[in-house]
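Letters are used for the chains, namely A, B, C and D, taken in the order the chains are written, and counting of residues starts over at 1 for each.
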């Protein structure tokens, strides 16, 4: 019930392929069920600041077993989870983090992508998650 | 004037009972009058990211001797305590943290609960606090 | 292959019983296979500074799947792992942390105990780990 | 003068091959000339605590443009760099971190490996660095 390195590398390859297809340069991180990093790749020329963001997105998606953007909708000013980002040494709550499930629909890890507009980040993360 | 481990374990048991009754999986933390952890329990399958949040809620409730949600009302944009969450290595200021009082109405610690909607978190924390 | 809360609470109860038997006051922490806290108890009057140490001992034991004291033997000045304690936000490498195994000899978590001489810490951790 | 993702992935593949050949499970990290992570892989079953150590070894090797073990010789008690590990959010100064050079002998990044005895960590790092 934990993602393997082989699966993680497959997800990174799929995400990279999508990133190239939409002409972006991404940081791509995969964490396991315990929210610990399994694999990571930073494409040449990708934003340096997105390195940490991609890892935090992956962790956030596994911490709460949902897409990071969903957490962000609830953490706005006045929202029920306002400023939840201060927990867990820093969350990232905009789109680009997605839980990864196995064929039995069990969550085995998560992917986090950062390096472009959040819609692109999400699309690349989705391509990675869908490859498992 | 300080919560005992026996009282903390009683509060966790009461909180767990309530969590099961409303079909949720919670992280439950109890801190003492010095805001230091006394007891903790993470129910099987509860969100990993709620571990840190439950402890921060308990600390926040004792740091200011009020329910965490009350702090959150004052920390909104434009509010008098805007971004107070940056202090104390990170506060959590939405509902789920409640001070614990003894029979003389003295604060002897606090409980923090996280793992579901904030209304559920608060209800479970209340069940724990009320058991003392 | 992950410790349950019920198992963790059983280990804490066994550790507490041993701590009382040898007249000590302990902080007792249990982490799961992902090195995340599952349960914790601080006995009344136990050293405050041992709170963090017990958690770090449990994490260290799971991080390297060995007793913490074994890591400490290798991390002395001139040793092959000198100053490894600077990793992972701080390790504790003296005795008191022990991996917890299931009946198939698989590591499912770890226990960390702190509050007395390290021989006592280790003995109490052993009592906890042996109860699973 | 900076390592590419393609080169980093080649180094990880070479390191993994060596790790398998000597029957070990490794965490392998590659940083660029700016000491920022480019690629990472944690082999299935590798120690969790070695995740952070492998990254810190890679950073340490690039921070000072030398093998981590060389720094460790100077950081012993009484040595000229005693306790240098306290800098840069934590260094790791035992073997397993090696600078990576291009064909012009320019340092373009570094590799850090952790998961076994330090001699093995160094051998695997060397295999990775030599592949560039």
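Quick note on the criterion: a contact is a pair of C-beta atoms (placed from the backbone, for glycine too) under 8 Å apart; a residue touches a chain by one contact, two chains touch by 3 or more.
Bear in mind that the values here come from a model prediction, so they are computed numbers and not experimental data.
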Query raised in the report: Turning chain C onto chain D with a C-alpha fit: angle in degrees, nearest 5?
Result: 90
Report task. Would you mind pulling out the distance in Å between where the CA atoms of chain A average out and where those of chain B do? Result -> 29
Query - Centroid distance [mean C-alpha coordinates] between chain C and chain A, Å - result: 32
Query raised in the report: When the C-alpha atoms of chain B and chain C are each averaged to a single point, how far apart are the two points in Å?
Result: 25
**Report entry** Residue list for chain B, restricted to those that touch at least two other chains
**Finding:** 48
Report task. Specify the contact topology among the chains shown, as one of line, ring, star, complete or other. Result -> other
Report summary line: Chain pairs satisfying touch are A-B, A-C, A-D, B-C, C-D
Query raised in the report: In their complex, what parts of chain C are in touch with chain A?
Result: 1, 32-36
Report summary line: Per the touch rule, the chain C residues reaching chain B in their complex are 4-5, 8-9, 34, 36-44, 48, 51
Query raised in the report: Contact residues on chain D for chain C in the complex?
Result: 47-50, 52-53, 56, 72, 75-77, 83, 85-86, 90-95, 117-118
Query raised in the report: For chain C, which residues count as touching chain D in their complex?
Result: 34-35, 59-60, 62-65, 77-78, 80-84, 86-89, 91
